[in-house]
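The following pair of complexes shares a single chain, subunit A, combined with subunit B in the former and subunit C in the latter.
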Partner chain A sequence: MANNSQDTPRDLRKMTGIWVVLSVAADLLFWFLVGPHVPPGRMTETAKNNQLDFNILLVIALPVIIGVWVYMGYAITHWSAKRNGPEPVGGASARSNKKAQVWWIAVTSFVVLFLAGFGTVALIVDHGSGGGEGPNPVWMPAGAARAETAAINGTGTGILTEPGGEHVLPVQVIGQQWKFTYRYPTFGGFESSQLMLPANTTIAFNVTSLDVIHSFWAYQLSVKADANPGVNNVAFTETKNVGNFTVRCSELCGLWHGAMFNYGSVVSPSDFVTWATTTEAANHANTKDLPPFAWTYTPDANNAAGGWFPDGTVTPYSTVETYGAKQPAS
Partner chain B sequence: MSKGGRLAISLGLFLVAVGLVVWAVAAYLTPGTPGGEVNFTNTQSAGQPVNLTVESVGSIGFGPHPSWVSYMTKDPHTGQWIQDNTWVLPANTQVNMTVYQFDSGSPLRNQQWGQVEGTTNNSATVNGASFTHFDSRTGAGVGHTFAIPSIGLVVPLPGVASSNICGAGPCLPSKWAHNTVTFSFKTPGPGSYNWQCFVPCGLGYLFGNGGGMSQENYMGGFLDVVR
Partner chain C sequence: MTISAERPTEVATSVAPPARVSTPWTQRPGWMSQHLGTAIVGGFLGYILGHWFGNYISSSYPYIVNSGQNSIAVTLALTGMVVGWLLGIGALNYPLAKLIGKDAPAESEVKGWSKYFRYSTDHKVVGMQYVVGVLLFMFTGGLLAMAIRTELLNPTTHVFGPGTYIEIVSEHGTIMMMMATSIIVGPLGNYLVPLMIGSRRMAFPRIEAFSFWIFIAGYMVIFSALPYGGFSTGWTGYAPLQTQNGPGMISYLLGFAVIGMGMMAAGFNIAVSIINYRAPGMTWSRVPIFVWSILATASLLTLATPVLFAGGLFGILDKTVQTAFYVDEHGGSSYLWQNLFWFFGHPEVYIMALPGFGIVAEILPVFTRKPLFAYKVAASGMIGVALLSFFVWQHHLFQSGINPDMRPLFMLTTELISIPTGFIFLVGMGTLYRAKIRFEIPMLFAMALFFNFLIGGVTGVFLSDVPVNVTVHGGFFVLSHFHYTIMGGLLFAFMAGLYFWLPKMTGRMMNKKLGLIHFWMMFVFFNLTFFPMFIIGLLGQPRRVFTYASNLQGLNDFSSISAFLLGLSFLVFAFNLVWSMWISPEKAPANPWDSLGLEWQTASPVPAHNFDRIPVIMTDPYHYSEPGAPALADFGGASSGAATSDSHSAKNEGADND
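Up next, the complex of A and B:
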């Protein structure tokens, strides 16, 4: 506080003026110049919403940090002790200022509570914001439940169109040391090392693992879901723009963890159908040898359930199991 | 001796014991020195295909882990089988690869690796017969795969069903039962690309992905592709 209490309102007005100008300028510069480039981009609705959330956080955080800097700079330039001068701090003005304290607590509490509420609403509205929701998702986009049922029952083909007009595609992500593979249950259940997705479509990622814990992180899609053996971890997103994206394993999983990545593409729906049907035909012979599509797989012939290899009872794939009591609601 | 002295000695001995256990575990888990490189850039005229011959053996038979499963490389200059599984290859060049597979097999954990991908025409030959996929639930299953994940190359290596299984490397094709798998692929641009096996063949380890599967130069290595 100033050593002259009569100066305080004037100092406050000056600091406030500087703070408002700098904050508005910083927020505008950030919002229009930096904001559109903030990761993870806008390839999916999830990514777009997450980018918006990050930008709103920054727009709120910038005035806070600028306020601290302005006060600090003002204090250094205006209230520092002069050489051989009187001690600037002391007396009644150096004691607590209840008004300032109340304002500080009120404003920071409001900001924190607002952000907590905002984050919670964003999580629900964005259907989990791209995170794995476990085998029984709480926040499901429209049509996703029916699409999941169609996938497991083998009753839907191609990109599924729901009564509301939503396009939905279930995709299974299978982690194994050290590569992700992808199954497309509505295209004959073929499996591929490539991840191709149609634009403007809700994607239901069903993520599982055949051995240890991996984590499927499609960075530009803003989707991240752990791949646990014996668990179907579901995550949603809605693709928007065509483009390429990177998939990385984000769970330390062994020797070649660092090499466990691949690139994927969001393409137009017609290009996707062409690719999927072509690959379905090309892989047909091998697809017949795959186990039937299921949410999880336990190929006990070589101890994927966690045993020691080999177990001495080499048998064909065990009966595939579905995980959890709840099948997707129809 | 005082009570405090006895306590100090007991504590010291306990710490020494803990230290020994930690050291032993760390020594066991710490990878040894990776093997060396084999240079294939000077084995043929510029632009001509490179011939790369390797073998997969159930037990390497020597070194710090003689019981571990491993690949071995045929030195293009001396013809010797060596455990140097990083290969220096010219960029954008066809590689004609021959794999002598000496190990037994089992069903694949993921049958997707039974499909040949990333090779010329997405096919390979086993003992002279062309194939594009291999059902690992048939015959002796699949022993190993040769895969370069970053360029999408996967080739299953069928297991050997014979009593004449090679016990320790290097294994001579003229002496032991084996399957000969051949295929071709084109090297990408300059860079370092890892190769690996997708069969959990680390005998005696959890999930089968320990041992030779978790140490470079046994069931994995690198292609150092240069201009």
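Up next, the complex of A and C:
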């Protein structure tokens, strides 16, 4: 479509100039000044990746926001009735402009498809990015499947080491109104209200609930998985540095939801093993009274209308079996 | 510009829907007939009767009877209240009479003020009733918001107990969401659509009136949660927490079911009217863009709400007669509620966005003196959004463990929907291009929508990215995101619409000075309230908590104080409304903004039958700054159009009417 007047390109050129300068400045400032501090920090591999994803999204978003603002700002300052600007021209040329429309649709589609592709790759490469992957995770880190099988069958002890040298630790997170407790299946299945994790280890969180829906949010680890009764919701992360982290329930679970938080620590593997073995021994008497380790502790959904735990059926961990997987008969 | 001439005295031939068949007692004047008072009495009696009956039929369970926890009694009491209310107002006269084979009595056609308190089948009356109705919701919900922000002033000193606090949050969210379903479709959709499409009436005037009165019944039902002890699930009502809750939960479930009936009724009526009642010549490419947005919204209301309705009924059955739809232990699934709720809930999100886009796109040409840019893209974008919105719902469940391998798909569909959503910016920016912008109050609100919705929309893309969602899901980031889209988008558009069309609807102008104060306070403090919440969320504060990390107090206090000032801006608005409508009304010119829209060409005030003769539409209403453009419509010589062809073409030549 034809331009309406001589100085049309000047408007656009001016705007583009301002836009480029501001966008580049904003992106650089953000990337170098703010980026490294963006939550959830860099305590785990997952946190690092998710921080990077956030930063990339923001670096794309800033020019978009600035573009619209520059345009709107320009319009307000140059094209208002008070300002004696150009007389508006109606008619066909003002109603549509094929080139502008096609460009708009092409650019937004490209950005959006790029983001979807990028998000998908990030999600898969990072084994679910620390999010809840349901009972049968499709994207698992190396050794996780074997570790989970060992956990449910009671065939592994301590931090598990894979043939490839990866260290894996299965941990169970049990939500209930209004606290989280943690079971360590490879340490005799003891239960603790303390969450300790070894550094440089792949953690497989198995999240479930005894009553309503909670959500296990280990903020600095960048792990979030809903705790559903009767469901084992698995999430992975790989710890890096030692340090403390916060756990908050992030799904409304009733009266004291706001007070449902505690703290955990990532410690060196040897400190962790010391802690775990001492706690296992100290809790020995209590552990015997607990229900044997299982993926879920609510009545069996497959056996509707009854069947309180434990019903004794052995359903070993498998990638096809879903809810209701039970512990081995002991 | 022509000030409304005296209305012609001739009366149109075919007018209101139901022909008078008899004059039964419902037609008697004054307090004897049916009105708000009889509706209240009916609701009260229905409540008592239902409550008694509920306790009667469960009398063999002595531990719940008359305990205040008898879900059956509460359900039947509230149902009785709704039915009694509808009977009292006369909403059921027609169907009941037909049911027993009688000729239906006609709705009373009362003149003057009292018609607003009655079951009226005039779409203009219903529209005005809806204005009052949604403001009722808005101010109740807003008061609760102030309570929330008061509690969050301090992480350790508590104003409310945890139980009261969660009740307040839940009630705030639910009331606001219910309001948002209807805030534009109800008042402006009902009032303006027939005027914009050149029709004398809606397709189903009784269903339309029904939608309003049941909307108010829904308000009473959801409000009844408070005396029942509230519900602690938030507006999302997740099971099994839902199953755990007391009778306040019934108010929530039944409330959504009742509001849902109103939504379906309103949507159905409006969609059918738009499709079938357009004036001759009003082809699809001449339909005003606001009508397109209302059509898309009405379709969503009709198609999405039944899912919510069914979901609510399942919940009520679980709580009263012990079915197990949402009870995992008995073969149900708590995922079922999440799926049903969000399958409705996401289209609902667009029910709350599209009408806002429609308003902005409709008034932008008026204040820029330019035609709407990319009309076809805008209309198809709205339909595209409506369709796509049914395929994204599981983005609310990314971390829930349900269908985890579908996450890439829902990430893709969610990001795809941002393409047609983004068209509103293409349309807006194209229309502003080399325009002659007049910053009247409605235009200011419209421009603010672009500012706010940009932030709301971009943060939506962050939320749809699963890796980023791990951090931001369930926290204040989401909270801020949806306030930016709903409040920053829909509510700002609603204000734009009110300031723009109230002169048509009431014949009175809103005061401009007060309007300016209102706008700037609302715009500034809205952003100061909600922008910090993005940061609060990123720093780890979950939603719906009464306490938070102490290092977040500074930001929370900043947000709270801004929120109080934001609340104050609504009082300025309320004052402006009362001032300009009643205390010191200023007569509005027939076409104060020099719009070319068909609705402005009817006489002022709009006669009961809208148009003396149905106009023949010649073109679309966006021929701004186009000398020699064809007239919008041929009124066939009837002088019903206040601003008829001569003033119309004058506008086209001059283009500058300031």
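Assume the second predicted complex is superposed on the first by the 276 of 330 C-alpha atoms of A that agree within 3 Å, B and C clash if a C-alpha of one lies under 4 Å from a C-alpha of the other, contacts with A are read in each partner's own complex, and residues count from 1 in each chain.
Following the convention adopted for this analysis, contacts are C-beta pairs under 8 Å (C-beta built on N, C-alpha and C of every residue); 3 or more make two chains touch, one makes a residue touch a chain.
Fair warning: this is a prediction, and the values are worked out from it, not measured in the lab.
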Worksheet item: Touching A:D226 in the superposition: subunit B (first), subunit C (second), both, neither?
Response: second
Practice prompt. Have a look at where A:G164 lands relative to subunit B and subunit C in the superposition and call it first, second, both or neither.
Written response: neither
Fill in: Contacts of A:M72 with subunit B and subunit C, given as first, second, both or neither
second
Worksheet item: Of the two partner chains, subunit B (first) and subunit C (second), which one does A:W256 touch, if any: first, second, both, or neither?
Response: both
Fill in: Which of subunit B and subunit C A:L290 touches, first, second, both or neither
first
Worksheet entry | Partner chain in contact with A:N97 - subunit B first, subunit C second, else both or neither | second
Item to complete: For A:A81, select first, second, both or neither according to whether it touches subunit B, subunit C, the two together, or no partner.
Response: second
Worksheet entry | subunit A positions touched by subunit B in one structure and by subunit C in the second | 211-212, 254-256, 259, 299, 301, 304
Worksheet item: What does subunit B use to touch subunit A in their complex?
Response: 106-112, 114-115, 117, 122, 132-133, 135-137, 141, 147, 149-150, 152, 154, 194, 196, 198-209, 213-216, 220
Worksheet item: Which bits of subunit A are touching subunit C when the two form their complex?
Response: 4-5, 8, 11, 38-40, 46, 49-50, 53-54, 57-58, 61, 64-65, 68-69, 71-72, 75-76, 79-81, 85-91, 94-97, 100-101, 104-105, 108-109, 112-113, 115-116, 119-120, 122-124, 126, 128-135, 137-138, 207, 211-213, 215, 217, 219, 222-226, 228-231, 233-234, 246, 248-259, 298-299, 301, 304-305
Response to the item:
Seen from subunit C, its contact residues with subunit A in the complex are 162-163, 165-166, 232-234, 236, 238, 240-241, 244, 324, 328-331, 333-335, 368-377, 398-405, 407-408, 411-412, 415-416, 418-419, 422-423, 425-426, 429-430, 432-439, 447, 450-451, 454-455, 458, 461-462, 464-471, 473-475, 538-540, 542-549, 622-626, 629, 652, 655-656, 658
Response to the item:
subunit A contacts subunit B in the complex at 174, 176-179, 181, 191-194, 210-212, 254-256, 259-262, 282-283, 285-286, 289-291, 299, 301-304, 306-310, 314-317
